[in-house]
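Okay, so subunit A shows up in both of these, paired with subunit B first and subunit C after.
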Partner chain A sequence: MTRESPSPRRPAPRPSAGWARGAFLAMALLALLALWHAGASAARPAPAGAPSIAAILWDWTPAILKGFAANVGISLASALFATVLGTFVGIGQLSLHRPVRWLCWLFTHLFRNAPWLVLLFYCMLLLPFQVRVGAWVVPIPDWVKAVAGISIAAAANMSEIVRGAIQSIPTGQWESAASLAFSRTQALWMIVLPQCVKRMLPPWMNLYALIMVSTPLCAIVGVSEIMTVAADILAANARHDLLMPVYLYLLVLFFLYCYPIAVLTRRLERKFAIAG
Partner chain B sequence: MSTHSVAAPASASDDFIIQCRDVRKSFKGVEVLKGMSLDVRKGDVVCIIGPSGSGKSTFLRCLNGLVPVDGGTVVAAGHAVHDPGVDKLALRRRVGMVFQQYNLFPHRTVLQNVMMAPVHVLRQKRAEVERRARALIRKVRLHGKEDAYPGELSGGQQQRVAIARSLAMNPDVMLFDEVTAALDPETVGEVLVTIKELAAEGMTCILVTHEMGFAREVADCIYFTDGGLIVESGPPAAFFSQPKDPRTRAFLERVL
Partner chain C sequence: MTEIIKEWFDRLYADTGLNFSVFRDAFDAQRFLEGVLTTLEMSAICLALSLAIGVLGAAVQGVRFRPLAWLVDAYIQFFRNTPSVIQLYFFFFGLGPLFTSTNEFGQAVPLVSSYTWAVICFSIYAGAFNVEIFRSGIEAISPATVDAAQALGYTRLGTYVHVVLPLALRISFPALSNNMVNLVKLTSVAYAIAVPDILYASSQIWSDSLNVAEIMNVVLFSYVLIVSVFVWGAGLLERRLRVPGMGV
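Let's look at the complex of A and B:
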C-alpha cells in the first residue's frame, strides 16, 4: 500500500501531446533559431557584403522544401509498400500451412531486428541499377532502392502489428463465422480484419512517423533529399556559424510534419480505449 | 467437395437428422467425451443437461465440426462429420449454431449481421435476402433495430439477433450452446420464448442448457451428461419425476 493513496478521481498524469504544447515547442525551436542568428551576428558581424544567416536560409528555403518533399515522397511510398507487404506477411504468420507460417515468421523477426541503415545498404548494393523485361530496359533509380530498403524494415514491423491485431479478436468471432459456413479466408477478410483496422490505426500511424524520421538515412546511401540540400547550403557558403541554424531548420520542419501525427494518434488511442 | 461426406446409409434412420455413436474427444490427454451416443429425429427438441465440465458444450461443437472428434461417428444432416475429409462448409449450411456469448459481428448492423452469410456464403440475391432478413428480425421481435449496432443492444436482444442470423441460412437443425447463461435474468425469458416458437414451428433444436423449467416444458427428450458420458435420457416427464441414476438424482436435487 502506498503511504498516501492518491485520490481515485485524479487522472493519471499522461505524457504531453496536446496541440498547445506542440505549438509551444515549435515556437521555442524557432525562437532558438532566431536567438542563434542574433547571437551569431552580434558576436561576429557578417563581413561586409556577406548575407545574414536569415537571408541565406530564406534564399535556400525553396530548395530545402523541395528536399523535404523528397523525404515525404519516400516516406509515403515506403509506408504504402510496407502496409501491403506487412499485412500479407502478418496474416502469413498465422497461416495454417507450416512453411508459410515459418517463412513469414523468419521475414518478420529477421528484418524487425535489423538496423534500418544496414537494410538500406543491402538494397542499394544488391538491387541492379536496371532490369531487362523482354525488350524493355527499366532503370531502377536510387530512391526506389531506398524505398525498398525502408519498406522491408517497416513491413516487418507492420507484420507484427497485423498479427497482434488479428490475435486480439476473440476466437468467438472465428467460431461464429465458421458456424455460418464462412470459409477461413472469408472470415479473415470480411469479419476479422475489418475489426482489426480500428485497433491497428494508432500503431500504424506511429510506424509512419518512424518511417518519416528515418528517411534522412537515405542521404547516407546517396539519395538526394533534405540532408543533401543541407550539405549543399553548407558547402556553398563555407561558414561555420551556419551549421547549427541549418540543422535546426530541418529539425523544425520534421517536427511540424510529425508532431501532428503523434497528437492524432494519441487522440485515436484514447477514443478507441473508450469505444472499445 | 469430398466424396466421403455422403449421406449415412439409408435405413430406418431416414428420419434421424443427427446420429452419434460412441463419440470420443480428448484435450491434451484429458478425455472429455468418453463415448457419447445420441440420436435426434427431425423436428425434435433435445435438451442436454449436466454439471459444468461434463462435456456437453464440447459434444455440441462436435456436431458441426467446430471440434474434430477423436473417435466414434457423427452423422449430421447427411454429412459424416467424423470424417476428416468432410465438407465442413456444406455441413454448416445445414446446421446452425448459437453461442453463449452471442458472437455477433460488432462492426456490422443488425440487418447486415443477418444478411452476411446468405449473401456471401450462399450467394443469394441481396434484395431477396434483405426481405427475408427483415422478416426474421420482426420474428425475433426486434423490428426497428435493423440499423442498430450489436453494442447498442441488450444481451437478450443480441442473442435474438444471433438466432435470426443463424435462421437466415435456413438450417435443418439448430444448436444452442447455453444461450441464456450470459444473460441478465430479466432477458432470459425473451430468448426462451423465441426458441419455444421455433420449436413449435417444427425446427429441430438441440440445446445445452441450465434452464430446467424450459427443458421440462419444451423438450421431447432430455439427456443428462456427467463425466463425459450420457448417464440417463428420456422424455422430460419421466426424467424429472423418476430419475433412475443416482448421479442424475443428485444433480436434480442441487439445481431444482
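Let's look at the complex of A and C:
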C-alpha cells in the first residue's frame, strides 16, 4: 500500500541565495568603491591634468572585458574537456577490470590532491611547444596548455562527482536492467547515467564556478587574460592609488559572473532535494 | 642515510642525465626543505585562523541583530565567488601600501610581509567556506537538544559553547576536512606574491640548475604526499568523531 506522504519537508529558508541580495551586494560594493574614491581624491587631489581613477577605469573597460572574455573562453574549454574526461574516468573507477579501475582511481586521487597551480605549471613547462604529426608541425599555444592543466585538475573532481552519482543510484536499477536483458554497458549508458544527470548538475555547476575562479592563475604561468590587462593598466598609468580600484574592479566583475551561478546551483539543489 | 641517497642520485645523474638536484646538492636541498616547512607552517596557521573565523562567523549569524548576519553573508558570498589570486593581489598590492612605515633613509618599508598577507588572505577565504559549513552543522542539531540544554539552565552562550558547538563540529567534520584540504592546496597560490613555499623555492632551483622536468615532478609528488597524508589523517579523525545516527 502506498500513501501520499504528507507535504514534503521543506528545508528551512536560508538567509543567503537571492538575486536581489546579490544585486544589492554588488551595488553596495560599487557604492563603497565610489565613496572611497571620492574620499581619496578629496584627501589627496590628483595632480592637475591627471585623469580621475573612474575615468581611467572607464577608458580601460573595453580592454578589461576583452581580457575577461579570455577567462570565460578558457573556463568553457576547460569545463568541456574536464566533463568528457572526468565522466570516462569516473565510470572507469567502477569498471570490472581491475587495471582500469586502479588506473582511474590513481588518476583521480593523484590530481585531486595536487594544487591546481602546480598542475598548471606542470603542463605549461613540460608539454612541448609543438608536436610533429606526420609531416606537419602543429604548434601548441600557451592557452591550450593552460586549458590542459585546468582540465586535468577539474577532471579529477568530475570523476568523483560521476562516481558518487552512479553509486547513489539504487542497485535495483541495475538488477532490473539486467533482468530486461540489458548488458552492463547498456544499463550504464541507457538507464543509470541518464538518472545521474540530474544529481550531477548542481555539483557540476559548482565545479564550473571553481574552474572560472581558477582561470586568473593562468596569468602566473604567462597566458594573457584579465590579470595581464590589469598589469597593463597599472604599467601604463604608474599610479599607486590605482592598485586597489583595479583589483576591486576585477573582483566585482568575477562576482557578477559567478554569483548568479552559485544562486542557481543552490536553487537546483533545493529543488532536487524536495523532489528527491 | 643522506649519503646513500646522494650517491644514488649522483649515479642516476651520471647514467641518465636526470638531475634531481634537491637530493644531490646541499644548497638546493636546503632551499627545498625550507619551502616545504613554509608550506606546512602556512597551512597550519591558516587552518587555525580560518576555523576561528568559521566559528565566529557562524555565531554572529545566530545573533538576533539581523544586519550583522547580512554583513557576514555579504563577506561569505563575496569571497566564495571571486578568484583567490585576485583577492591575494588586492590584499598585497592594494592594501599593502596602506600599511607602511618609513625607515631612517625616508624610504617606505612594508609593515606586513608577503607571507603574512598570504596567511591573512587564505584564512579569510577558507573562513568564508567554514562559516557556511558550521552553520549547516548548527542547523542539523535538533531544536530539542538546544531546548533541553536551556531547560537545564544553560545560558544562550553556554548552550552555544558547551552543546551546540561541539556537536556542530562533529557533524560538519567531513565538509570541514574537505575545505581544509583545499586550503592546503591553496597555499601554493602564494607563489604569486613570492612567498618562498615549495613551488617558489622550486622555481628558483630549476632556474639555477636548469632541471625543470625533474624538479616539477618532485614538486608534484611533494604536494600529493603532503595532501594525501593530510587526507588520511582527516579520515581517521572523521571516523573517530562521527556522531552515531547523525550526518552522512
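In this text, the second predicted complex is superposed on the first by the 262 of 276 C-alpha atoms of A that agree within 3 Å, B and C clash if a C-alpha of one lies under 4 Å from a C-alpha of the other, contacts with A are read in each partner's own complex, and residues count from 1 in each chain.
Criterion: a contact is a pair of C-beta atoms (placed from the backbone, for glycine too) under 8 Å apart; a residue touches a chain by one contact, two chains touch by 3 or more.
Since the structure is predicted, the reported quantities are computational estimates derived from the model, not experimental observations.
> With both complexes overlaid on chain A, does A:134 touch subunit B (first), subunit C (second), both or neither?
A:134 sits against neither subunit B nor subunit C.
> Quick check on the superposed pair: does A:172 touch subunit B, subunit C, both, or neither? Answer first, second, both or neither.
A:172: touches subunit B, not subunit C.
> Report for A:190: first if it touches subunit B alone, second if subunit C alone, otherwise both or neither.
First partner only, subunit B.
> May I ask you to decide whether A:182 touches subunit B, subunit C, both, or neither, giving the answer as first, second, both or neither?
The first partner, subunit B, only.
> Quick one: name whichever of subunit B and subunit C touches more residues of subunit A.
Tallying touched residues of subunit A, the top partner is C.
> Does any part of subunit A touch subunit B in one structure and subunit C in the other, and if so which residues?
In the superposed arrangement, which is not itself an observed complex, subunit A uses no residue for both subunit B and subunit C.
> For subunit B, which residues are in contact with subunit A within the complex?
Listed in rising order, the residues are 64, 66, 88-90, 92-93, 95-97, 99, 101, 103-107, 116-117, 120-122, 151, 162, 165-166, 169.
> Please give the residue numbers of subunit A that touch subunit C in the complex, ascending.
12, 15-16, 21-22, 25, 28-29, 109-110, 113-119, 121-122, 125-126, 209, 213-217, 219-220, 227, 230, 240, 243-244, 247-248, 250-251, 254-255, 258-259, 262
> Using the touch rule from the top, collect the residues of subunit A that touch subunit B in their complex.
Residues in contact with subunit B: 170, 172-173, 175-183, 186, 190-191, 194-195, 276.
> Under the definition above, what is the set of subunit C residues touching subunit A in their complex?
Contact set of subunit C toward subunit A: 61, 69-70, 73-74, 76-78, 80-87, 89-90, 93-95, 97, 139, 181, 185-189, 191-192, 199, 203, 212-213, 216, 219-220, 223-224, 227-228, 231.
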